[in-house]
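One structure coming up, written as structure tokens, with questions to follow.
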Amino acid sequence: MAMKERLTKADEAKPWYGELPVESLYTAGIAGEKFFRSIQEKGVFLGSKCHKCNMVYVPPKIYCEQDFEKLEDYVEVADCGSLESFTCVHIGLDGKRLLEPMIVGLINLDGASTSIVHMLGETTVEELCMGMRVCAVFKPKNKREGAITDILYFKPTKQ
Amino acid sequence: MSDRVGIIGIGATQFRSITPDVSYKELMFEAAVKAYDDAGINPRKDVDTFVTCAEDYIEGTSIFDEYVPDQIGAALKPVHTIGGDGLHGIATAFLQLKTGRFDIAVVEAHCKPSNMLTPDGIEACGQDPIYNRPLKLNTHFIAGLEMNRFCYETGVTYDQCAKVVIKNRRNALNNPIAGRAAKLKLNDFKYAESVSCPLTELDIAQPADGAVVIVLANESKVRALKKEPIWVSGIGWCNGTATLESRDWVYLNYVTKAAEMAYKMAGIADPQKDISFAEIDDRYSYKELQHLMALKLCCSCNPGQCVDNGRTEINGEFPVNPSGGALGMGYMYEATGLARLYCAVEQLRGNAGKNQIKNAKTALVQGWRGLPTTSTAVTILNA
Amino acid sequence: MPKKLKSKTQKARRTRQETKPQSLTPNLQFMGTGLSSDDLKKGKVCTTYWIGDTKYAWDRGIAIGKYLEGMKHGKILGVECHKCGRKMVPPRIFCEWCFKPIDNWIELFDTGTVNTFSLCYVTWDMQRVKNPIIPAVIEIDGASKGMGIMHLLGEIDPKKVHIGMKVKAVWKSEKEREGAITDIKYWKPVK
Amino acid sequence: MGNRVAIVGAGMTKFVRRAQETGKELCYEAAKMALDSCDMNLDQIDAVALGTAPDTFDGVHMKGEYLSDGAGAFGKPYMRSYVGGGTGVFSVAQGWYHIASGLMDTCLVICEEKMSSYRPHPQGAFLTIFDHTTERPLKPNLLWIFALEMNRYMSTYGLRKEDIALVAVKNKNNALDHPCAQIAKAVTVKDILNSEVLAWPVQRLDVSPVSDGAVALILTNETIARRVTNKPVWIEGVGWSLETSYWTNRDLCYPRYVEEAARMAYKMAGVTCPRQQIHVAEPYDPFDYKELHHMEGLMLCGKGEAPQMTVDGITQRDGELPVCPSGGLLGVGNPIAAAGLMKVAELFWQLRGEAGKRQIARKPKRGVAQAWGDLMQVGTVVVVGI
């Protein structure tokens, strides 16, 4: 033992309770502003295109993370795409089991080089498969507020 | 700079699921005393620079580096924090020693996850606040997405992932400081509760409390102290992307790049031949396989076969996590990589007891910073 | 009384004449978009809000555990290192300068001297208060010189607080004490 | 011993109270500007060293990881260092050892802070820097420790607030010439003494503002420095030191940790008489008395002598030893880590003669920048020269 002294009674071992009080207001940023306003107003996904490597970032960035070009060219991409991966989450943010599991997908929208993370709806996890076609379902226009939750979920489409 | 860097002292506490008998300072003090005793040095006189690895949210204290100097003997000395895995700390100490301005460096990492009452809530604060957090998902969802895609593309089966868990937790039975040893069977996985399919409870390394301190020195100092060091012959670290949207979910290029940097420095041409064993990150069962693949340490294109044919067992051709890994010893956030390194040094010194690998000469140690990051560090150690 | 500093050189205190900002070199362009408080309040830009669920139960451990237990009994405990001779508070199980375990526990007095203080008119989250909060570093009697703890002063006219003032702890009643630093309500001047 | 390390490029964003840009975007703007300033691109960067202070400000756990893509760390060795308020200047030391080790040829050093994210007021985040058991229950305010230290400093040397306020007057006026300044406003000693008392002796205008911003530097080894610029600024010395966290056990009137850090840096730089050999200083000035405190710790004057130097005008831009010609944190703004790095960027511009209207009269050959942080505990020092 590296220490001279130790606690020897179980009731001497006690914790002290506290928290990190963190409340934050995050701005969506320059690219995020364009992305969310386009969804809010037109129900259209915007990406930013790098003319050096042809990457189309969705959600957009003001820079290409690979070659650091400034991205100022915003392009519209489809609101449908293919399912790159999915999972069914059973544990909530509080660490407790959820009554209703949440299905999450990784969706590569047509025309985008990256894949957006969002909920999957109107489906069950058994029905899902890799590469499946899914489309965005938006909130009604008057309820949108310029956030990622303006998209309700993505749902599978029959081809 | 031809001067090599060697590890001359190691110290660690027991890794346990809770440690109500000591504060974090006392936990660090214990590991530090052991390490300095092992190195035969006095930290107040002999150490030139100290590096600690910590994250504020894990500690519950902002600017946590305020509270590190006293208990590791570093008051009024050059000390700083790296917001990284313990192995990033080793890389920092390595760089500092290589400048030729320092002789002895100390790296410390510790963790008390048992003190986090809301670990899921705390980890969620690591998600992107604009695009991911509003979905209000438990951070394990990222591992679920990744495991699903990884298994789909590589053909790794869930059983093979389960075998990683069985191997590591069994290895931990013979590791006296491990806190999560267990004897499991494949059948146990049938009843394991799903966390984020296909990920189950048993696939996730459960947290443990503990502290690790490592003492490093440059070659001339090693000679002066007449120590039998474990040499750090290669080091590499690398980042992928912070955003979930633009990352590759199967092939971890950042791990490959970090490994290549370390291999090059250590003069390793064929990692599978030149390295005797590996201690790598296994925060999640599939991660061990994914990391093996990225480190170019698996025998075929399907890393799952490495567990099937027993290649990664302690007595196999290429033992992986003979210590028990994070699955068997416990996941300790920033200290996880240092725990791997600690056990690798014990192996190379021939002190691994029942888990001792014969003729262990060269080890690879790798750490990953956990979700949602793509940040890794790799170290090559030589006896 | 503080002395007035006089300039020894010809150059007295100056204020600038020119006030027009100018860029470093003509071709440097600095980016950054400033927002007003209203821009955020009125939703002129897209934002998200998050309340962190970050709760902890920190293990008090050997040293602080015993310290707080002492508080519960109306005592201030310290520790001693025989090598450097320091009597320390708050207690720790090691001497940070000698890097060795401490030698023994000692009971200190609940009186002390104000090392420094402030009259604070804002709370921790910047709410204004009318009567100042008076934080101070109080050197505890019985400990080595300079060994203080941070605490609050009370029962005193803010104008009369001064460095070097002798103070005494005002404890909560035995029933109210719970083993916390707040078992001392505040420190009041000793006559 | 070691390889020589040079600063060859610098970039920064404006310091603003609330930035629309995300932290990542601020990082990008500063990094891109730094790269452009020396005609380099990201491919030529071997490693990225990031500095940023508490995660609670940006409100992101593992903030270093979160910022990585904007900081140009994709596929690169990347690490975040952290010593509270001292981070900004420390990050230069971090970049230095990356290159001095011989492992890297070039390193992008970048610091970012977005304090405005914290609600309701960024000051609240500082509650959590105190010890969770022995101090936080008293609901301490960040201003306390400064007020306690300032009071100790004033009473030890018998100083008046008027004389300390001169620092704020000088720095806020200097900032009028800084294009990135958040609160460029001419003030007088009277304004400061009449400003709201927050935590006596600390008043509203004694304090630097909370800010959002980012700063970046490009560091290279000697060979590359000679290739990309004809005006490299050399990192001659770095030093850092962390005092005990038992701050109530220390004498608060003198920053020993700054002295230790300065000694380390001066030794490396071969500086034996700082007052003669240093031509321009950028000590950390989140509060006006702090500049004085730190000038003493940096051994630019004797203990308790900094106020007289200020009164004598020696620290003015056209004085013998200009101090904080940038405008410092008091004038330009205080996005914690970025503010520290801004000081090194200022020295870079001053030494190259590119500081525009802020250019100091005497042609400086060597400068020192210093930052401070934690519980009045850490000193980080960088000496640069041409």
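Points to keep in mind about this one:
As written, the chains take the letters A, B, C and D, and residue 1 is the first residue of each chain.
Here is the rule we use: a residue touches a chain if its C-beta (ideal position, glycine included) is under 8 Å from a C-beta of that chain, and two chains touch if they have at least 3 such contacts.
Not measured: the values here are computed from a predicted model.
Chain pair with the larger contact count among C-D and A-C is C-D, by C-beta pairs in contact.
The distance from the centre of chain C to the centre of chain D, each centre being the mean of the chain's C-alpha atoms, comes to 23 Å.
One finds 41 Å separating the Cα centroids of chain A and chain C.
Chain A and chain D have Cα centroids lying 36 Å from one another. Put simply, the C-alpha centre of chain A and that of chain B have 28 angstrom between them.
Counting only residues that touch two or more partner chains, chain D has 18-22, 24, 56, 59, 69-70, 74-75, 119-120, 124-128, 132-133, 244, 246. Touching two or more other chains at once are residues 33, 35, 40, 45, 48-50, 52-60, 62, 64-65, 68, 92-93, 96 of chain C.
Multi-chain contact residues, meaning those touching two or more other chains, occur in chain A at positions 3, 6-7, 13-30, 32-33, 61, 65, 93-94, 147-148. Because contacts link each chain to all the remaining chains, their graph is best described as complete.
Those residues of chain A whose C-beta lies close enough to touch chain D in the complex are 16, 18, 20-33, 61-63, 65-68, 70.
Partner chain B is touched in their complex by these residues of chain C: 48, 50, 52-65, 92-94, 96-99. Touching chain A in their complex are the following residues of chain D: 18-22, 24-25, 28, 31-32, 35, 41-43, 56, 58-59, 69-70, 72, 74-75, 116-120, 124-125, 127-128, 132-133, 136. Within the complex formed with chain A, the residues of chain B that make contact are 11, 20-22, 26, 29-34, 37, 56-57, 60-62, 115, 117-121, 124-125, 129-132, 134-138, 140-141, 144-149, 152, 193-199, 241, 243-246, 249.
Considering their complex, residues 1-3, 6-7, 13-15, 17-20, 22, 24, 26, 28-29, 32, 55, 57-59, 61, 65, 84-95, 97, 102, 104, 106, 113-119, 125, 130, 147-149 of chain A touch chain B.
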